[in-house]
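Labels run A, B, C, D and E following the written order; every chain starts at residue 1.
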Amino acid sequence: MIVRPRLHWFRMLLVWRGSVLGRILPQLLTMTGVALVVVVVHKQHPTLLPDLTPIPFTLLGIALAIFLGFRNSVSYDRFWEARRLWGAVLNDTRSLARQVVTLTDADADSQRTFVHGLIAFAHALKAQLRGADATPALRGLLPDDVRADVARARFKPALLLRRSGDQLLALRRRGQLEPVLHAAMDRHLGSLTDSLGGCERIASTPIPFAYSVLLHRTAYLYSFMLPLGLVATVGAATPVVVALASYTFFALEALAEELQDPFGIEPNDLPLDSITWMIEATLRETIGEPVLSDEPVAVQHVLR
Amino acid sequence: MIVRPRLHWFRMLLVWRGSVLGRILPQLLTMTGVALVVVVVHKQHPTLLPDLTPIPFTLLGIALAIFLGFRNSVSYDRFWEARRLWGAVLNDTRSLARQVVTLTDADADSQRTFVHGLIAFAHALKAQLRGADATPALRGLLPDDVRADVARARFKPALLLRRSGDQLLALRRRGQLEPVLHAAMDRHLGSLTDSLGGCERIASTPIPFAYSVLLHRTAYLYSFMLPLGLVATVGAATPVVVALASYTFFALEALAEELQDPFGIEPNDLPLDSITWMIEATLRETIGEPVLSDEPVAVQHVLR
Amino acid sequence: MIVRPRLHWFRMLLVWRGSVLGRILPQLLTMTGVALVVVVVHKQHPTLLPDLTPIPFTLLGIALAIFLGFRNSVSYDRFWEARRLWGAVLNDTRSLARQVVTLTDADADSQRTFVHGLIAFAHALKAQLRGADATPALRGLLPDDVRADVARARFKPALLLRRSGDQLLALRRRGQLEPVLHAAMDRHLGSLTDSLGGCERIASTPIPFAYSVLLHRTAYLYSFMLPLGLVATVGAATPVVVALASYTFFALEALAEELQDPFGIEPNDLPLDSITWMIEATLRETIGEPVLSDEPVAVQHVLR
Amino acid sequence: MIVRPRLHWFRMLLVWRGSVLGRILPQLLTMTGVALVVVVVHKQHPTLLPDLTPIPFTLLGIALAIFLGFRNSVSYDRFWEARRLWGAVLNDTRSLARQVVTLTDADADSQRTFVHGLIAFAHALKAQLRGADATPALRGLLPDDVRADVARARFKPALLLRRSGDQLLALRRRGQLEPVLHAAMDRHLGSLTDSLGGCERIASTPIPFAYSVLLHRTAYLYSFMLPLGLVATVGAATPVVVALASYTFFALEALAEELQDPFGIEPNDLPLDSITWMIEATLRETIGEPVLSDEPVAVQHVLR
Amino acid sequence: MIVRPRLHWFRMLLVWRGSVLGRILPQLLTMTGVALVVVVVHKQHPTLLPDLTPIPFTLLGIALAIFLGFRNSVSYDRFWEARRLWGAVLNDTRSLARQVVTLTDADADSQRTFVHGLIAFAHALKAQLRGADATPALRGLLPDDVRADVARARFKPALLLRRSGDQLLALRRRGQLEPVLHAAMDRHLGSLTDSLGGCERIASTPIPFAYSVLLHRTAYLYSFMLPLGLVATVGAATPVVVALASYTFFALEALAEELQDPFGIEPNDLPLDSITWMIEATLRETIGEPVLSDEPVAVQHVLR
């Protein structure tokens, strides 16, 4: 179980890592710099720059906030759906492990091979989603010839599910699995297929490009022009206000950008290493095997 | 796996293709032109035009933003539901392919025919949704007489699902498929029927017409009248503000319009070519066939 | 497939039918009339009327917009859920038609009777939801004695589903339907029961009355008092602003009112005629029967 | 089918019953009284009271509206989920009634006993949720000894479901119900268990207390202080504005309070009498029994 | 059934416990203190502090409210999903208890052992989620050797579900459970596995850290700077306004923080003690055992 301690309200203001501040610093400095220039120019030549007044920013600010809120919800929904899908992988593999022990008459060896195949599926799925090489993690879980097949395949996790299906077929042919219980187990393989397809869907279908462009553009044009609207009334404090507004908008956009691809290895992405570790540990425990590695721990609030 | 590279924040401000800017340029220019005329007239005859003051636009702007936000959510939900339905097509066809191999005693030939029928279903569904001719894509997947039947049918994908059902019936009659496993496979045919009906539902039921009219009208009247509210305070910079506000509202509306019919071939529609390619590739791999074509690639951030 | 052409942005401003403008015209004229009176009185006796200033309307406007947005979402969700339920009717009847052909050993005559019963269910459901007489549509689909039973029943579609169940029972008793496949088909009858109950739920449970009253009252008091808040600053243009604001609020409320009862025959209600036509057509095609009538077409963007 | 007539827009402004106005009148009068006092004091001693200016209320008003909107959505979701659960009770009891007739070989007497047990379940569930005594409604539906058992039980509806399970077991033991069809019927008993648990969940888990406190407090402090912000600009019309704003906030809060416990007998709660009547009527019709009582009718827009 | 009495509107303003006010008092006092200092300094040296004017706070306030609203929805969704999962535990254990009695031929002893295992699962799940020791609660429910196994296991509830599966396997091997009914019961074990995994998912995956940081920071910087924006117009009443605004923002944030980890023992967390009590009571009643303990009662509106 991974628990995050609650920080003191004041310390939380100073957190750096995991807060996307690093990624938006260049833009923030640019905007604040623009505001500084506007303040200086306005002091020297008060009539040189047009006074946009705060009105346009009131009108647009609400729209911008609502749109950013929408974008943000969509990104978070993608993140959370991805988490649910991985939760479903845990649930279905656990159910299959329970089933192979309690619904079939398979011997201990077949049980172990079957459960190892499920663990291999989780590792292969993680590798596919992160664009990594699955082969190292599969060593010890699959026989060498199967590993070679998997390495050649384009859709590795799908192949592993088909292979689990083959094992059930063999059990039924040997009379160790009733047809109706075969159907019950196959339903969980179908559910794993759904989770696999769900992850692929999120990974392969980004938020429509025009959204990103539209909101990005509105947020940045807004921030660029904001000093012209504030300098006449707020004066020398303009850069501070611009910095705070830009921070809010840019950070939220950056975070939405990060969350919309939840399978990466950025600080706010899903901790897939940790989740696959847990899947492996609980499956091994179900068939009485020891857990081989330690649970991953968070480094500076960030878990991979 | 289709991945979109993240653009630098500055380059993103200049993107053209896929950003709906092209489609709304005429309206944007009209609105900016109106604002220019207002500025000129106001300079010459300050009392000729009524001064609406910014107040009405504050009042209406919030309502407009909330309604556009609603419209936008609805359109996006349609887009994403359509994507989920196609994801379900992938999942169910994959499950059926796994099942025909691991639940039945069908010979390799029957397995291939069955899986080709599923691939044909995906192509026929895409063609129906895009109003295109399905026949070319079905060549090589279906025998000639079946192709002729399909060509005559009004509801082609439904016919193909019934035909898959016929094949399962034949297997059961030959004793190669247990009744309870037949039921398990038929459940996935039922699920494909649901996905088919879901796509047809989205394609045939647009967002209530009055919404489009109401929001369109509010957004355009707002933009038409905006110069009269701003010119007294913002002065010569009015056209810039009007352009930015109009851009935000019109672009969001245009994007919502584009997303609400997600099966088209506009830049932000679903990449059905790419999805059907993937379905075909993974199904063929399941039964050990080579993939015949290359994966479609994105052209300027846009995938069809 | 029913597709709505996209209108030119300028033509869309002038659309009349299907835009609820007709229904709210009396209120709109009343509000604009009130505003006109306020303008005239204010010109004659500037101190007679209290100056509410725009502030209260800023405070309340946001709340009003948010509540209208909520009301609107709820209404739209009812509309869309109703559409999904009818989509499920299509899906489940299609699946049952496929099943009666591919899961049972029924002869062609029994297949036709069964499928006609499903078509009759769709017609009876539509008639019940619209408070119409189902009997004419059932001619040719049901034997005369069954038609008489149905005419007497209080819950006609439920009776038809029970009758479909009777037919399956007969098939099983004749040994033409395996128990496990019987269960599989019965599941779709259960799903049709769910869709039926879902439609009845939407039809019989309106949005809580207090919502309609509360939002209606707020919207109308707001519009009544708005002229007193604007006349001192906006002057003679007050009626234009009041008209636009009232239009936005009233039209959205009227549309929400229309959508919340999606089974009626108002322009933005569900096109049940069209949907039942499609159900009938695709079911008949599944068993090789010709489609008897033409597909309904939209008249002025409106489909019934 | 319960249909609510649409009221004329003007008559709707004057509706009293079902509009929660009665419940919030004391608070409304208090707030308006405070505003009156502020107006009088301000007239006599213009500098005695602090001038808060409208600014704080603009800042807080938006937050307040958004939070009330959230609270409101949550309450409505509870209301609608409760309605869906009762809809599911209708659907599952209907399906079970259809199944006992068409899946089993039970004689007419066993069918009737089984269906009466389902009707008793609906009555017992309503009684439990409203904290009422279920025994009267169960007379005529259950044998006397069963009624006594039920009266003693703490979880009456759960006991009735177990008893329905007993009846199915008896049918199977007598060879009148195939195991696979038993499983199909048991699934609907499981679904009724889910609906029962869902209703108990809503009834036993209110919205977190701190929400109610937080929003209540913000809304009331806001309204208390509002006169101090308005009196300097709006003057003598302050009480009118305060009354309208308070009405909007308090009414929405009161309505949310009412909807969050949807099983009560307040005007906007679920019409459980009407729903159970319908369940009883349709179940009796399924087995050919007459409906014993008349459909409940709405009194002044309110149905119990 | 746990019911919360409705408080009088005035008493509700004074509630302390359960209102998160205690947790945010230090921050509130800090902010009010800052505002007091600003008022004093501004009185003495009117030009020393920059006048930020209220404009930046209008711009940012809306964004802040929308983001807090989002954060809040997400937290509440977690809370409610956790509640649903525990509701599902109740439903599935109840269904399994009904099934072991009505689907199997198990003797009373086996029935009791099986049901006790389900009760033990609920206790073990609660203990795991609260990081507590499950062993005491399991005494009397499990034989000593099983208790020892459970104590050693890392994933205790998963182990208990596997053990329930073992019991069903034994029943089937003894011919007391048909395969198809075994599958039906195993489906509920699968569903319990899903609920277990769902709780673990919520417990182990907090809301992305960057959200908490971003919103926290914005809310606190906003409140810190607010006095500088108000003091010039609101004057001596500034601390009151700052206190109210800070209260709204901080309380909502604190509540969101509390709700996002719904398995704890803070006042607004889920009353797991009460829920597990109910599960135990209803399961015991199903097999005719007395309920051993009293129902937990709420202490000052708070139930654990």
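Criterion: a residue touches a chain if its C-beta (ideal position, glycine included) is under 8 Å from a C-beta of that chain, and two chains touch if they have at least 3 such contacts.
This structure is a prediction, so every number in the text was calculated from the model and none was measured.
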item: Chain copies touching (subunit C, subunit D) - same or different residues, decided at half shared; value: different
item: Rotation in the CA alignment of subunit B with subunit E, degrees, nearest 5; value: 145
item: Separation of subunit B from subunit D, taking each centre as the mean of its C-alpha atoms, in whole Å; value: 38
item: Centroid distance [mean C-alpha coordinates] between subunit E and subunit A, Å; value: 23
item: Touching two or more other chains - residue numbers and ranges from subunit B; value: 58, 62, 64, 66, 69, 180, 183
item: Topology of the chain contact graph, where touching chains are joined (line, ring, star, complete, other); value: ring
item: Chains in cyclic order, anchored at subunit A, direction fixed by subunit B; value: A, B, C, D, E
item: Subunit D partner contacts - residues on subunit E that touch it in the complex; value: 1-4, 6, 9, 12-13, 15, 18-20, 54, 57-58, 61-62, 64-66, 68-69, 72-73, 76, 79, 83-84, 87-88, 90-91, 94-95, 97-99, 101-103, 178, 180-181, 183-184, 188, 230, 233-237, 240-241, 244-245, 247-249, 251-252, 255, 258-259, 267-268, 270-271, 274, 278, 281-282, 285-286, 291, 301-302
item: Subunit A partner contacts - residues on subunit E that touch it in the complex; value: 26-27, 50-53, 55-56, 58-60, 62-64, 66-67, 69-70, 74, 128, 131, 153-155, 158-159, 161-162, 165-166, 168-169, 179-180, 182-183, 186-187, 189-190, 193-194, 196-198, 200-201, 203-206, 208-214, 216-218, 220-222, 225, 228, 257
